[in-house]
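First, the structure itself, so that you have it in front of you.
Chain nomenclature is as follows: A, B, C, D and E, assigned in order of appearance, with residue numbering initiated at 1 for each chain independently.
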Amino acid sequence: MEESMINLALVGLGEIMVAVGVISDLIAALGMLRFPNFFVRLHAATVGTIWGAFLPLVGASLIAAGSEFLGQYRWFMSGGAIVTAILILILAPAGSHALARAAYRSKSAEVRPKSVDHLREFLKKEGGEESA
Amino acid sequence: MSTELDVFLFGIMTYAIIMNLGVSLYGVFRRPSITKKIIALTIFSDSANVLAIIVGYRGWPNPWHSPIPPILLNRHPTPQYISEFAKVAVDPLPQALVLTAVVIGLAVTVFLVFLALQLYRLYGTVDVRKVRRLRG
Amino acid sequence: MLSMETLTYGILALLGVISLLGTYLAIIEKDLVKAVIFSALQSTAYAFIFYILMAPDIVLVYVPVAVGLYPAIVLFLIKKTGRLDGDEP
Amino acid sequence: MKGWKHVIAITSLVVSTSVLALATAIGGLGYILPTPGVRDLAYWYLVTVLSPSNKLFTAMSPEAVTSIVWDYRGLDTLFETSVFFLAIIGSIALMRGIKIVPERLRNYSSGMSPIVKTVTRITAGMIIAVAASIALHGHLTPGGGFQGGATAAVAPLLLMVVFSIYFIIKSGITEERMLALRTAGLVGIVFTAFSACIIAASLGTQAYVFQNQPKSTAAVGLPASIMGSLTSGTLIFFNLFEFFAVAAGFTIVFLLLSIPENIVKQALRGVESEH
Amino acid sequence: MIEEEVIHFLIVVFPIYMAAFTLYAVRAVKGPTIPDIVLALDAMTYDLAAFLAVLAIFFRSPILIPTAIVLALWVYALDIYVAKYLESKEMGG
């Protein structure tokens, strides 16, 4: 009886996390579609990866830990989901950073709503990196 | 058990893969750049692999339980457990064939890439029409 | 009434259409870098199809090959040989 | 004008796909949905893959795919591995005579930003760990030698792209060492395949090549479990050696592919002047 | 009891995920520049990794979870390759 209460709590918490995650995911996708240029779309990508991928993975691991119908391997699944969540937490910001830096330096995406561009002036003053 | 809608949806996927075969063959034959030919050839072999896996799939044994991958979840199974497993698991043979085909396909692609690179070093271009013209 | 089976096949149909889009754009696109990225989109759709068709072994070998290794090889080639496909087929 | 052409082409492709699927659903083109049954051959694979009560025909591994790859159809995989070997050898032969001279190994300060470098340093270790777990658990959970090798081959490639090729060569991943590792893997595969025969010859009995378990006509085979944990006979050794062979083979190719073009041109010119 | 509740919840979740994937795919197809396409593919695949974990519960096959780890790792690699291509003169340098 007590154990089933714990399972129910785990599953309920996990379901809330998955629900929040899936709604953020939809919002991020809408933003990705509607925002005007690349550097604005980076914000939508942040919502999509942290709220839309990290949170549902933690929720899925909680659901897996609380669902006895999955059998003996459910702890394997729970641990795997946690590992995936931590990987995404580390990798997604680094990937976006590399992409944004490359897009700025290669001038393949334009920074549109801007009044002054200090970074470009700095890079011009440095000189060496601009040629790379 | 399975309705016309199921057949329709599964058919869309299958015919989309077959269309992929056709489109990638167009790329292999008609695009001039050798790099584009390599990309198209990879898509072609991947589509063939997907078709092989579709052949190995099985219909749902009951509407509340999907087929399962061909991996036993019990390390000391009873004969009854094994016969239950054989009723719901998918065909493992196409998976074993595709598994090696993917890795060998990548190795062959790498070889093609080196050939294209050598062609570029010798002729200065990877466009097949220009290469033909240079050869006379 | 939407059953679990119909829902699964619906996901498969959507993935098939996405992979068709990816293939078409990868073949037609003149910019070879874009072609490689569209081919990665098609590979992602294929990996998901493999997953739903219950082949985890194939997903484990196909995702590193088609998303992790293969775009790198082709990008190396494009960097060395030039970015554009020919002007007219 | 050009954009419209592509929209029309995509729409016609999708519509023709849907029309074909609809025709199939109504019943004009035969039954495309897989049946709930499975073929006889697949049934026998599924039934005999792990059945302790049926000692004569079982492969003693819960993973049907790995046991088909290395046990039921082992010779097939051996020849596919040799195709892999030949493709890599062909690539090396095309790049012969070209290598980075050690004097040129300057402290290359290029590469990507420090954030990416730090994250990649952490990630490379994780990739190797994930690959090793995929390969060594290949006979119990999804995975195996091919999967683990393809996974592990991404780590040197990622380091090569994020730092530079000079960093890779300085840290000890050279072409000769990878070639040695790959040869060790291939020799290990062949040795594992013949191990039952060798044991049987020393005992004076007979055994099969690629034998996983003891059979009725040949008494010798590798044990199914060592110290209580299931190792499935030869499967774990095959997975280990194939892991080394695939990972090292792809690493050689990437090392050759990422040599900068001016060094290659110098080397080619040198070869030409020698003749 | 928990089983039926979980499965019903997941059935409700699926169409929202598929709508999100469709929107991401539209952006990936439309995206005018290369970073746009890669960013859309990136976000789509991280969400796909989460969806694969949810699907493993739905199919009641917990053995399917390593695929999510692998998928999350390699999209990062694709980002790095494209960034390196745009940023530098030689891929290996």
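Basically, a residue touches a chain if its C-beta (ideal position, glycine included) is under 8 Å from a C-beta of that chain, and two chains touch if they have at least 3 such contacts.
Everything quoted here is computed from the prediction, not taken from an experiment.
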Chain D to chain E, fewest steps along touching chains: 1
Mutual neighbours - chains that touch chain A and chain D alike: B, E
Where chain A and chain E overlap in contact partners, by chain label: B, D
Looking at C-D and A-B, which one has the bigger number of contacting C-beta pairs? C-D
What's the distance between the Cα centroids of chain B and chain C, rounded to whole Å? 11
Would you kindly tell me how far, in whole Å, the mean C-alpha position of chain D lies from that of chain B? 16
Taking each chain's centre as the mean of its CA atoms, chain B sits from chain E at a distance in Å of 20
Show the residues in chain C shared as contacts by 2 or more other chains, in ascending order. 4, 10, 16-17, 20-21, 24, 54, 56-57, 60-61, 64-65, 68-69, 72-73, 76, 78, 80
Hey, what residues on chain B touch two or more of the other chains? 2, 5-6, 9-10, 12, 14-16, 19, 23, 54, 56-57, 60, 64, 66, 68-71, 73-74, 90, 95, 99, 102-103, 106, 110, 113, 117
Counting only residues that touch at least two other chains, what does the list for chain D look like? 13, 17, 63, 65, 110, 112, 116, 120, 123, 126, 134, 141-144, 146-147, 150-151, 154, 157, 161, 250, 257-258, 261
Listed by label, touching pairs are A-B, A-D, A-E, B-C, B-D, B-E, C-D, C-E, D-E
The chain B residues in contact with chain D across the complex are 2, 4-12, 14-16, 19, 23, 54, 56-61, 69-77, 79, 82-83, 85-86, 89-93, 95-96, 99-100, 102-104, 106-108, 110-111, 113-115, 117-118, 121
Footprint of chain B on chain E - complex, ascending: 7, 59-64
As the complex stands, chain A meets chain E at residues 4, 7-8, 11, 15, 18-19, 21-23, 25-26, 28-30, 32-33, 38, 41-42, 44-45, 48-49, 52-54, 56-57, 60-61, 63-64, 66-71, 73-74, 76-77, 80-81, 83-84, 87-88, 91-92, 94-96, 98-103, 105-106, 108-109, 132
Partner chain C, residues of chain B touching it in the complex: 2-3, 5-6, 9-10, 12-17, 19-20, 23-24, 26-27, 30-33, 35-36, 38-40, 42-43, 46-47, 49-50, 53-54, 56-57, 60, 63-64, 66-71, 90, 95, 98-99, 102-103, 105-106, 109-110, 113, 116-117, 120, 125-127, 129
Chain E touches which residues of chain B in the complex? 64-66, 68-69, 71, 73
